[in-house]
Amino acid sequence: MTTPPLSDERIAAVRDSFGRQGLMSTLGAQLSTLSRGEAAIRVPLSERVTQQHGFFHGGVIGAIADTACGYAALSIVPEGKAGLTAEYKINLMSPADGELLVAVGRVLKPGRTLIVCQAEVFIEKAGARKLCAVALMTLCVVDTLSAI
Amino acid sequence: MTTPPLSDERIAAVRDSFGRQGLMSTLGAQLSTLSRGEAAIRVPLSERVTQQHGFFHGGVIGAIADTACGYAALSIVPEGKAGLTAEYKINLMSPADGELLVAVGRVLKPGRTLIVCQAEVFIEKAGARKLCAVALMTLCVVDTLSAI
Amino acid sequence: MTTPPLSDERIAAVRDSFGRQGLMSTLGAQLSTLSRGEAAIRVPLSERVTQQHGFFHGGVIGAIADTACGYAALSIVPEGKAGLTAEYKINLMSPADGELLVAVGRVLKPGRTLIVCQAEVFIEKAGARKLCAVALMTLCVVDTLSAI
Amino acid sequence: MTTPPLSDERIAAVRDSFGRQGLMSTLGAQLSTLSRGEAAIRVPLSERVTQQHGFFHGGVIGAIADTACGYAALSIVPEGKAGLTAEYKINLMSPADGELLVAVGRVLKPGRTLIVCQAEVFIEKAGARKLCAVALMTLCVVDTLSAI
């Protein structure tokens, strides 16, 4: 399926929203890619994001999976709308032992009221990339003013 | 059901583990209560933990729900064991608009291999407490050395 | 909280809807109780509902948890509306080894667009009742004509 | 990745287990394909499996998604072991309006203690196939005698 590229306005709106998320800045997270129906967020390892073993904390994995899906949804909703996370489920499949954590969120099912997204979270260590978590998420389409 | 209180060693082990979680320190989170099968974590509002509206970020809600259940599980496993989060599902029911976020994790079903926990997350604003999220979580019982 | 009882019309609408569900009849399921925000469904053991060991099949547990929450939601929505299951998560905590399976669905969070429900599923054997599964579910409020 | 084909003994064990599931027979379900890490189950429309509109009931969708993942897991565990569903989450994305329902379960992450599977459920109508549900599931590896 060929889809029109995102407008500059939409890209700017997403980047502006991301920039206003204090938590993303706290975690050292960056919005690395954004296209229609897909967004990726990456976090380099730092002391700020660890669990008790020095690996990435599961809470960081969930936070960037959630956020990546939110922006994937935001990339496809009509102007003036946003996707608000109603719920998600995440399976943490492997320890997030590495230097870089990358969450890729994708729209599985766009809808007028609900959007279903999927996230894959990868851990990179010494150049190798491994799937460490998968998430399935439901977002509710709301007016931008109430959500973004 | 009357249960014996937690041993001082177990309490110390949990507090030590919590203290080594970089993310909890980053978020300004505190382990506020701990008893057999239950743990609570609280986070005061700060710029470090917000989404784009200034409310608590959903990622923080998920992170402390996950961690509260992890320590609820740790409070009941045999010595030398820990509970490792295998997966969770969370419903974000209301905006986390307030000064303090509190996650209470409880063991629903203890098992030798798997532990099922439930978390309730409350938002406090001007003295009123409101349920803003619920989570259902599965933890895998593992040897401490590999998990904590 | 004191709530007004369900109207006879609403009760009749729920029972009529339930009666038209071929699957519920196939499973031998009955809508046993219905009140505002809560519904219970029971299924006696028969060969129709077993897994390979002769216990209740997990699919039956999921089906009646889903349906109980659907009718719990239907009991609270405005006239002309219904709750359509968007998603659920279920933990199967114990083998459903017994003579009777009972799912109790309850509304946790009523909303105009989304309703969050919780289900507990109990297995009864020789007079003892045991919690064997818990579910957390999101329903979307839709016009009745499109959903019921 | 090239994987060795399933042994005749394993295929026979799966088909025997499936044949002993009363619910699958009740629903008119068939195990249509089975390979290493993947299993598919199909159910033709009949009055036995409907909701109140005459579409496939969500409970049937969940039941065959669960079962397909269970056999996908069973196809990869060591002899003497089985995969027992610990929990799953399912998103019902479109009405299951059609003549045939097909669930395809796949192993995402094999492990010694836990196996993570994913299911896609398709509805076929007048020759067209549409994705109507996705599920994410955790199975616990147990001794066969206790589970199958």
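Note that the chains are named A, B, C and D in the order they appear, and that numbering of residues resets to 1 at the start of each chain.
Going forward, a residue touches a chain if its C-beta (ideal position, glycine included) is under 8 Å from a C-beta of that chain, and two chains touch if they have at least 3 such contacts.
Please read all numbers here as calculations on a predicted model, not as lab measurements.
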In terms of mean CA position, the chain most removed from subunit A is C
The pair out of A-B and A-C sharing more C-beta contacts is A-B
Rounded to the nearest Å, the gap separating the Cα centres of subunit A and subunit D is 29
Cα centre of subunit A to Cα centre of subunit C, whole Å, reads 33
For the pair subunit A and subunit B, the C-alpha centroid-to-centroid distance in angstrom is 22
Listed in rising order, subunit A residues that touch 2 or more other chains are 86-87, 89, 91, 116, 136, 138
In their shared complex, subunit A is touched by residues of subunit B numbered 17-18, 20-24, 26-27, 46-53, 57-60, 62-64, 66-67, 85-92, 147-148
Seen from subunit D, its contact residues with subunit A in the complex are 89, 91, 93-94, 108-109, 111, 116, 118, 131, 134-136, 138
The subunit B residues in contact with subunit D across the complex are 86-87, 89, 113-114, 116, 136, 138, 140
